Amino acid sequence: MIANTPPMGWNSWDCYGAAVTEDTVRKNAEYMARYLKPYGWEYVVVDIQWARPNAVDHSYEPFSELAMDEYGRLTPAINRFPSAKNGAGFRPLADYVHSLGLKFGIHIMRGLPRAAAHRRLPIADSPYFCHIAADPSSVCMWNPDMYGLRCDLPDARAYYDSIFRLYASWGVDFVKCDDIAREYPRCRREIEVISEACRSCGREIVLSLSPGPAPLEQAEHLKTYANMWRITDDFWDDWKLLKGMFERAEKWCIHAAPGHWPDADMLPLGALRQCENPDDWTRFTPAEQRTMMTLWCMMRSPLMIGGEMTKNDDFTLSLLTNRDVLDIVRESWCAHPLRTTDAESVWIAPRQDGDGFYLALFNLDDRKRTVSAALPEGLKAEITELWSGKRLRGGNAVRMALSPHDAAVCRVRTI
Amino acid sequence: MIANTPPMGWNSWDCYGAAVTEDTVRKNAEYMARYLKPYGWEYVVVDIQWARPNAVDHSYEPFSELAMDEYGRLTPAINRFPSAKNGAGFRPLADYVHSLGLKFGIHIMRGLPRAAAHRRLPIADSPYFCHIAADPSSVCMWNPDMYGLRCDLPDARAYYDSIFRLYASWGVDFVKCDDIAREYPRCRREIEVISEACRSCGREIVLSLSPGPAPLEQAEHLKTYANMWRITDDFWDDWKLLKGMFERAEKWCIHAAPGHWPDADMLPLGALRQCENPDDWTRFTPAEQRTMMTLWCMMRSPLMIGGEMTKNDDFTLSLLTNRDVLDIVRESWCAHPLRTTDAESVWIAPRQDGDGFYLALFNLDDRKRTVSAALPEGLKAEITELWSGKRLRGGNAVRMALSPHDAAVCRVRTI
Amino acid sequence: MIANTPPMGWNSWDCYGAAVTEDTVRKNAEYMARYLKPYGWEYVVVDIQWARPNAVDHSYEPFSELAMDEYGRLTPAINRFPSAKNGAGFRPLADYVHSLGLKFGIHIMRGLPRAAAHRRLPIADSPYFCHIAADPSSVCMWNPDMYGLRCDLPDARAYYDSIFRLYASWGVDFVKCDDIAREYPRCRREIEVISEACRSCGREIVLSLSPGPAPLEQAEHLKTYANMWRITDDFWDDWKLLKGMFERAEKWCIHAAPGHWPDADMLPLGALRQCENPDDWTRFTPAEQRTMMTLWCMMRSPLMIGGEMTKNDDFTLSLLTNRDVLDIVRESWCAHPLRTTDAESVWIAPRQDGDGFYLALFNLDDRKRTVSAALPEGLKAEITELWSGKRLRGGNAVRMALSPHDAAVCRVRTI
Amino acid sequence: MIANTPPMGWNSWDCYGAAVTEDTVRKNAEYMARYLKPYGWEYVVVDIQWARPNAVDHSYEPFSELAMDEYGRLTPAINRFPSAKNGAGFRPLADYVHSLGLKFGIHIMRGLPRAAAHRRLPIADSPYFCHIAADPSSVCMWNPDMYGLRCDLPDARAYYDSIFRLYASWGVDFVKCDDIAREYPRCRREIEVISEACRSCGREIVLSLSPGPAPLEQAEHLKTYANMWRITDDFWDDWKLLKGMFERAEKWCIHAAPGHWPDADMLPLGALRQCENPDDWTRFTPAEQRTMMTLWCMMRSPLMIGGEMTKNDDFTLSLLTNRDVLDIVRESWCAHPLRTTDAESVWIAPRQDGDGFYLALFNLDDRKRTVSAALPEGLKAEITELWSGKRLRGGNAVRMALSPHDAAVCRVRTI
């Protein structure tokens, strides 16, 4: 099954915005293959605007010239992705990523390029046309490139089929589709058409929907048509956003299961915003980074690294290579938030194999705080805190003195 | 003062949709000059899509080719408006309408043509460009032609100045601006910029905003920046819509005054929808037509005839040439709805000159009904019903037996 | 017709709260008869809690002992209204007020005394009982005395009939019914039952509903069943409340007509809150008092003086005896707010006799401001400002330099 | 810890409404002790109106005479609970229930009797009074007996202390407090005061809050102050209500943990509504009853039998004595709804001891349906359906053909 556990990988947005290049992607893929692959990290994802030659930062440009083929399908900007020359598309880059034992992903916006509609381009391998498929009133509020499609017409399905066939031929393993996850009810049918095109393209491709917040009441629809979907708007290295994730995690955690994962967004760790400032670094404290990693693992969110990985320091790397913690995301299930107040949160998650459970304690307060959680009555257990590796004494409860915004997570094994 | 009383005229939408032609406009202007001008009718307005060569009915076409000049200003489609050839625009047609002693108006959509933005055309008499002025996320939900403008930029004002200067040079007296009156708060600033461009173009042009419902809480903004604005979505010959107008009229009537008029939309009288069916005729009964004319006059709505006037029958013409009734719209003020229930409505409106007042009685019920209204205590008056011309006996009250959906309106003069 | 013009009078609440006494009522009635009656003032109204012996200020007391008869009808507390002894009720006081050429009113809460329900008292002249008529879940949120009635039962109508018959026998001319005007939809039926009891009691009694804000969408129901109803919560001598009245006046003014008047609440003028502090005085500036009087007259609100009248100073008295201004409330109609912004407001109101109209200009700003209003084109008129009595020059417009929060009102007569 | 697992017992409401008697309670307690105690059933709860002598069915009576002591504390109506004579209260009945090895519970309304406030009774062991503690505007919308308390005053805490001390002296083990669980935000503080009185009364008493729906956003408050709280309005034997519980169960299940349990309400099984009709029987089909029992167990709702147990037939008894199914409510945790659509639902719940998990399959459709659920990849397991006791074949998924509205629940053990 595709996405049997939450996808783990890297995405170019947090560090390069709209301006990532092939060279950068290759270097990060190489880093991942060398340092992270043994821990389960595998996807390398090129985010938004890879078809725009003149992108330099996190911003967009109205009415810019995007690279596309004669069927209105965007293609990589050659100046940024040289291997895409001669119509090769992302195939050479995907091949390289695959050669490292990793998987390759790209970002798309729902819809087709506005210019393709105004130029009345034909849709590949079909009798249909872009200017019929495009819905002139379906535009993105924050990006000027595309028109959404008229999903009641066969032209729309033909267009989505045409791009997913192309991506499959390139060797794409992961598609992050944007301007769609929170666009209910307007895009409900468009999600279905995209999902059907993805599943019938002849290659297993993980379908990820952005941006959030996806509406909770659409959980069953999302579970049916997507492998992951964003539960918040863009997440960045800001404590308020991290603290706010606890409430959303609590609501969404029951919808995490093999094949479909609520997504808390990329992990803004290490070197960020490189296109704006090469010296930029995550504003999260080490404690906050532990809290983020712990929550994402406990709720079984997909894990996509947002930083320029080649600049990782030891601490950042240690977060990404703690096998015991990463096991949570793969081997637990049925996570259960015991309580979440303004000051603290406690989660438990049984292991699927029945060999004990995980207990996470979070200090959401701005000062030191001892957070505790009762253990099942009569339990005799061996308890290990997984960030520190320390063995704790058993008893009726686990109690941890935590720094502001810090977290601890324990493996509890019956003895 | 411009629009000192509610504008009266004809508009091509109800009978020709997006497809009116110069020949039709001329014939209707000639009819108006001959039969209606003595009663105060004066505006002849060409409605939507006059720049689109292939329009045939009330529908729109995505990504169609619109006639425009090198500055992204729409121009009349020559095949439909032959006198516009050689860059003359609407000047020759306006001249002809003026020669009949009438005034000439046109429809516009807010914004600039999408093609002008994608082609990056310059804005006339300015250093600015269409692709900067255009806001790629500001699109109309029901018409595919335009992008709204980024009204925080000087480019936007330059574009609107450029079109109003052009219209002034053509001799336009009335502009109906569409996709804007109900688009608060998004288009609040755009209304202001359009209004300023209109007022500084060098010619007195009535500014009319569509479609409704404009939000009641924006009444003061509308009164400041427009001469008339729609208070409902498109009005057609359907009793439910007409009955529903009473509630809106009640809320909006206090905002009618010289220079600014809440607009109940065109009068769907006589021959309608000619592009779809040349035999089409209003579905309103004669009683309903009296009710509509009476309500529009009492609330002092602008009066714009929607039918193909050259096909008017005697009854239709009689509605448009009852001088005593039409006097209400010009000579009353401070209309006051005495009561409006599901079954009936009663309105009074004093005359500005103090010479008595008007009293309108409406039967909103589906069966015959006697509607009555008390007269001021002790009043001695001469009372004339204006549709029939009949003198009524005075007394404490006026009582009228009315057919279903019918209306009566009395002039009451103290004696 | 009852309440053919907006009722004018005095009410004890603003100056004596729940604690007014017979002596005070008599003195104020005598003052009114002597100084105000010639100007149209006529109602003398005893406000809330006249049945409670120990009331001393504006507050209420849970589970207090109220005076009542054996049928659960409240009676005046003898210690406060000595003439009510021997079961005379308000008859002697009403007789005295009538002897001065004035009219007498009282306050009631909807419902019946809770104690009457718990004691299972019978309802007068009926086979019914208070504990069946009372709805135990229908209580007032701010006063502890009563239960609302189960208006689907005949017991409820019997109770309301029993009290209105009693009031009629006392000579009551005006009933202010409280805890009801804003209690839609819960009290919709209760309003109808009270109104029917009032109208069939054998005496003409003005029915006034409190407190506001009554819901605007219930205007027709209120017009049918009440003579006046409050459009705001309690109004006091606070500029913010006065400024806020302009918006409500604008919405409600179209519903003012003979027999039914939207009520802007008492006029907090002169000596207020006497039970708390005998030296207390209105916090309104003279300018604000002019604004209040002008707005109330233009919108044709009932005028009920709230102050202890015997302490009126010359200025206060002058406000209450300006015959030209008070004529507005009786002789205008169809008031029409020309505009209301954050800084100013302008209203016009024609005279019913056609002899010109009134034009009121309000400075809502906190600094001096010149407020102007265009006059009908071509008008030749004689214009008099009614507070100052000064003749203004005619022209195209009236322009007045006004102090902060001040108002001017002109009579405009065609010449 | 009190309520370490979801409380299980019997409540008199579904079968006897407001009219249960001591004799009936004793017989049901005896039945429970004999047939159900071995399966974990233990609470015997007397529901609403035990202080009202003349109760005969499910209805209430305004202004009825309730039995109470001189401190305004309700006492059992002697005619219905003879052992309560001589001021013994529920002590003798509680003693009897305890003698059977069971626990005893009662219902209360928040607040104090209205009559106690109107009579100004003192509060036991305190200097305070009922008429001060009572809030005259805090009344229940569906029951006429009580006033809520003014929880900002010490009088309120004194009253609640006085009743919980009395209940503790009677030997009460369980209090169902009514008119409170959905009364946020008005009763937020009242919940806290009641909870504090309950916890400091000197006896362990389970605190249960009714009626629902309690607001989900108050989950942490409820978890802190109550042991169980209703998540819906009254639940009865109606498929629509049962189907609707799935959505609520999904939202609330994450809040079930030792000490605090979201409560799906009584189980309307067997003989119901006995006071109205001794032949009445649950309208749920056997399939629906299985579905109810399965869902309540999987979500770990408290289990309170609603029927007259002495009339149980074999099928009803079999539902209440399936030890394997009842183990779910005690031995699972972290229940997780895999999916819930209009047609089906699937839940899993791990066992706390790690020895496998439970998998429940529900057919919510009105016709036969095969419901399936994937098993973790590679799992080798022994699978037993617990209602039938049948062993299933393992594999990648569990598939069950289910009758309309029926359920199956499997224990899955790794081998």
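Note that the chains take the letters A, B, C and D in the order they are written out, and that residue 1 is the start of every chain.
Definition applied: contacts are C-beta pairs under 8 Å (C-beta built on N, C-alpha and C of every residue); 3 or more make two chains touch, one makes a residue touch a chain.
These numbers come from a predicted model, not from an experiment.
Trainee: Looking only at residue numbers at the chain A/chain B interface, is the share used by both copies over half or under half? Answer same or different.
Mentor: On the two sides of the chain B and chain A interface, the residue numbers are mostly the same, over half being shared.
Trainee: Take the average of all CA coordinates in chain A, do the same for chain D, and state the distance between these two points in whole angstrom.
Mentor: 42
Trainee: Centre to centre, by mean C-alpha position, how many angstrom separate chain A and chain B?
Mentor: Using C-alpha averages as centres, the distance is 52 Å.
Trainee: For chain A and chain C, let me know how many angstrom lie between their CA-based centres, rounded off.
Mentor: The mean C-alpha positions of chain A and chain C differ by 65 Å.
Trainee: Where in chain D do residues touch two or more of the other chains?
Mentor: Residues: none.
Trainee: Edges wherever two chains touch, nodes for the chains themselves; is that graph a line, a ring, a star, complete, or other here?
Mentor: Contact pattern: a closed ring, each chain touching exactly two others.
Trainee: Name the touching chain pairs, please: which are they?
Mentor: Between chains, contact exists in these pairs: A-B, A-D, B-C, C-D.
Trainee: Of all residues in chain D, which touch chain C in the complex?
Mentor: Against chain C, the touching part of chain D is residues 62-63, 114-115, 117-118, 120, 131-132, 134-137, 139-142, 144.
Trainee: Given the complex with chain A, which residues does chain D contribute to the contact?
Mentor: Interface residues on chain D, with respect to chain A: 1, 4, 220, 223, 250, 253-254, 257-258, 333-341, 348-357, 374, 376-377, 414.
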